[in-house]
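The same chain A turns up in both complexes below, where it pairs with chain B and then with chain C.
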Partner chain A sequence: MDIKKLSKKKNEGVTSLPSEERRKFLKMGFAVTGVFLGGSVLSLTSVQEAQGQRADVVPTEGQYPFEKHYAMVIRQDRCVDCERCLVACRETNHVPNHHDTWRTTIQEKLTISKEGFKEAIFRPVLCNQCNRPPCVRVCPTRATYKDKKTGIVMMDYKKCIGCKTCMSACPYNARYFNHDRYAVDKCNFCYDTRISKGETETACSAACPAQVRIFGDLLDKSGKVYGYLHTPDKTIWVLRPETGALPNVFYTNF
Partner chain B sequence: MSIQSELANILTASADPRMATPGKNKALFIFLAIVVIGLGFGVSAFVVGHHNAYNNTREMPWGILIATYAFWAITSTGLCIYAAMSHVLGGTRMGIVSNRMVWMSIMTIMGAFATIGVEIASPHRMLLYNVLSPNPTSNIWWMGTLYGLAVGCMLVEFFGIITGLARLAIIIGVFGALAEVGANSCLGGVFATLAGRPYWYGGQLPIYFLTSAFLSGAAAAVFFNHMAYKLRGEEMSEAVRRAVKSAGKAMTLVLILYMVATFWRLLSYYVGGTDLGRTAAGALIHGPLAVNFWVVEVGVGMLIPLILIILARGENIPTMSFAGVLILIGQFVARYDLVVAGQLVPHNIGWDNVPTYFSYIPSFSEFAVVAGSIGVVGMGFLLGERFFGKVFDQKEHH
Partner chain C sequence: MKRRTNNFLALLCILTLSTLLITANNALSTDQGSNEKYDEDTYGPAERIEFHHPAKQTFFDHPVHTLALGLECDSCHDGLFEMEAGAAEANDDFNMKSLAEGKYCGACHDGTTAFDANSNCGSCHTAPEDTIYFTKPVTAVIFDHTSHSGLGIGCEECHSELFKMKIGDAETKADFTMKYIYHDAKEVKYCGVCHNGEIAFPSTSRCNVCHIGVKGYNRAKGKTTGNGEDAGHH
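Our next item is the complex of A and B:
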């Protein structure tokens, strides 16, 4: 296109524009919009259909996109911080023993009870195996991915370039850099170490003496997880719901 | 004639012997030493472990090296855009110095690549799996791929410039500039799409980064052109003066836009949203990054340059060049503050007795790598002037 020649052309005006030209222009507009829309759809993760229901935290029944939908209910007020879960996790999953390398931990907060006593609240945390996992979306090499069969967010260590974007993206601080593997590591509900071998509980869940961590398949209607999440008069919450990650670790007090 | 002798002829024609004096050679070797020592500390991270070399933690996985990468990458985008605009549209007065801007765009992105190359834990896996296992939803993937593409285009463009293949240079240059804009936008997107980090999250950041690119690019254009003539001890021709003043005008305009964007960006955290975002903004306003923000970002990077530009009335090139350097310093610290503030507030604030702000001070190795990246750009500048100086020094009929 020669801009100099173009500038010498006569202005045709908009009123004399044939409708075919207008249609062409509209079509082009739609095509451009389509490309952008396509891009924005791409930028969402593959399991966007798994929306929330009760208070936007429990997945809508019948809309689980996985063959098995593993989830965990944490009965927070039963936790006494005995840390057996943490020990079991380290041993089972060979998590290096440094202060900032963990797949699961227990957070603590001091409050004052209504009787005026100091009371400690303990909150176990781990990877939330989100339905819309920010870590999976940002990974440049698909080293971390949402497993289609189980809904678990897994790691393919050999593909991890160590850019640590997933660590920045995770709203739950659930990821750490494993110096032994020289890759990012995280909880995978003990899939490789226990669940794929026929065990029905994760190491942390099996080790808990107070049955704080209830692990199971949300698709199993006779299972405990389904029962807890579908008891209408019980309050269920998730951590940081505002991030829209749709976690599969649920919290309750009973 | 063989290819070698042809290339030798081209290089002889483009080389500038005025830049090969003993003093300039010394400067070149000093920069080279900074590169070798600085990046040497970065390379040593692969031996001693990145976690031992750098002060990044689980909670603060990104630090000054990500900020340095962003700073150089953003500057590169700016330089590339101005050069492409001048080449293609031909209407801007910057056309006469655009070849130098293309070269410096390549050199600044090299500074960025050098930094990220020693920051990433396993770059060899990146080279392999970026190709074998790409993730189209990942901003990092797009950013890396587009910056890679941009460098490829700019190298071809530069080859076209020195060999006189103008058409090739212009066409490929446009592709390079588009790739740079896309890459810059994706760099903004890396931060802007993380809902878990409210200080970064939101639609403003990618356009903020593009504004920064226009600001840093113009500042770098004024500075490097001024330096090129100062080192030769030569007066700028009237056309070059006009070009540099034109870059100075762009710098002034974008500085004002950038100040407006910064004001609204920070104000927005105080009128709603989550506490995490507000507390992070507080790190700049009255927290651990307050000196960085008020003294360096606002004072050195915005107000003093603005005063200098007014005093220089946009005419005095050395003063404008000094304002440009101050803007670049402000921009570097702004990238640092942005990267750090986004991670400074613990996710689990209110639990575990965590402090309101983590403490992050870059390690010696991190500072060394930053110096190394400056060395790359400084060395690149001198090498460019020495070997392609005559190509940069275009005549008025451009």
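Our next item is the complex of A and C:
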């Protein structure tokens, strides 16, 4: 707002809402939930509120930007950190066995429950295959790119000059420098090693004994991923939504 | 409310125990005279004997048997036990099976002379204090005897129907998986028998109270390296 114009405005005081705010509220009210209920019910709840938090993170049904839209749902509370997924990933994708080189890892948070039990929370993390990937945006040689056919953020190892800018740009710390390849490496949903060869699951999801990692194509309406993301009363969240990267790895507790 | 009941129970226990102790003390003093020293030649070693083989934390108390019950040395020595320390432990047949056949402690602990060797486990055995770490089928699941026996659960509730008293035995079984531990399974086994939501918290919840993962296991075992934790590379 122009500060000169603002200074000429009449003081609206502090006891009532400024007219600007009132106008905003009305605008929000016009996007009514009545539309979602076939127009039969009129309510002044905003669209965003009606869809809940999910509206921010779950892609709208039918609006997937890729030919195949691979995604993963992680049922976080089922993870017991047995790390079979990590072993399977290293074997399948030849990831060197060092603590700071991983395509997927499991984070741990130690808590004490209300009843006094020591209880850990385990959270598997991997590349989120973002729809607006910050790593792709910063790559000076276009060695990393968003694959239009699969929605996977891929690496062209030959083009990588090892500047590691993508590593600092990634909000999820999901990239590492592979000394064997002399290029940055990252999770690609096992596209080269499994999915392109006809497998339906990534190495990590196939190795999981507790079905924590559900992998699939969002466009497959009979698929589990579609089912999890489009069940209305289930809470779905993503990591670091504030970055606006629109990740394709979703978390839930059921 | 619950805490208050617990406090009350604890207080009651303490009161009962102290009354018992005072009575026992009085009885001893009248018998022996309070200043008289415990005579090891008459009553055997004053200290508790701990057996390590075949099971750790198995105890025998001479004073309970001699001083309090009036048994003579030759009631057991050398017919049942040689006097030399560790002699019984060296024998292959020094186990519960032999006791049931009337050997060693079983000569008296047959249910008529003294309590049956197959009962009152906790009179001679104490539960292991060390945490048990299961690493199969997944790494790692913890079990604490102390947190369970503290709830007043007797050994026989789990041993030996649900779990054999042998380290690593359950892990060799193909059915030692969550499929049989979940309380809604057709055939519930192992932990699931109590962890069903009625007796204890259900096995379908609070996974990570028992499942500590590879990270928890490495921490407990003092390992800084484990899967993917190969140090020294940058």
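Heads up, the rule we're going with is that the second predicted complex is superposed on the first by the 200 of 254 C-alpha atoms of A that agree within 3 Å, B and C clash if a C-alpha of one lies under 4 Å from a C-alpha of the other, contacts with A are read in each partner's own complex, and residues count from 1 in each chain.
Here is the rule we use: a residue touches a chain if its C-beta (ideal position, glycine included) is under 8 Å from a C-beta of that chain, and two chains touch if they have at least 3 such contacts.
Keep in mind that what you see is a predicted model, and the values were worked out from it rather than measured.
> Check whether A:E108 is in contact with chain B, with chain C, with both or with neither, and answer first, second, both or neither.
Both partners.
> For A:D100, select first, second, both or neither according to whether it touches chain B, chain C, the two together, or no partner.
It touches chain B and chain C both.
> Tell me which partner A:Y182 touches in the superposition: chain B (first), chain C (second), both or neither.
So A:Y182 only meets chain B here.
> Going by the touch definition up top, name the partner, chain B or chain C, that contacts more of chain A.
On the superposition, B touches more of the residues of chain A.
> Which partner does A:R78 reach: the first (chain B), the second (chain C), both, or neither?
second
> Quick check on the superposed pair: does A:T243 touch chain B, chain C, both, or neither? Answer first, second, both or neither.
first
> Can A:K159 be said to touch chain B (first), chain C (second), both, or neither?
first
> In the superposed view, which residues of chain A touch chain B and also chain C?
100-101, 108
> Give the list of chain C residues in touch with chain A in this complex.
Counting only chain C, the residues touching chain A are 137-139, 178, 206-209, 211-216, 225, 227-231, 233-234.
> Can you check the complex and tell me which residues of chain A touch chain B?
By the definition above, chain A touches chain B via 3, 42-45, 100-101, 107-109, 123, 125, 134, 137-143, 158-165, 167-173, 175-177, 179, 182-183, 240, 242-245.
> If we count contacts the way the header does, which residues on chain A are in touch with chain C in the complex?
77-78, 80-84, 86-87, 90, 96-102, 105-106, 108, 113, 117-122, 209-210
> If we count contacts the way the header does, which residues on chain B are in touch with chain A in the complex?
Of all residues in chain B, those touching chain A are 49-51, 56-59, 61-62, 89, 120-123, 125-126, 129-130, 133-141, 144, 190, 193-197, 274, 342-343, 347-348, 350-353.
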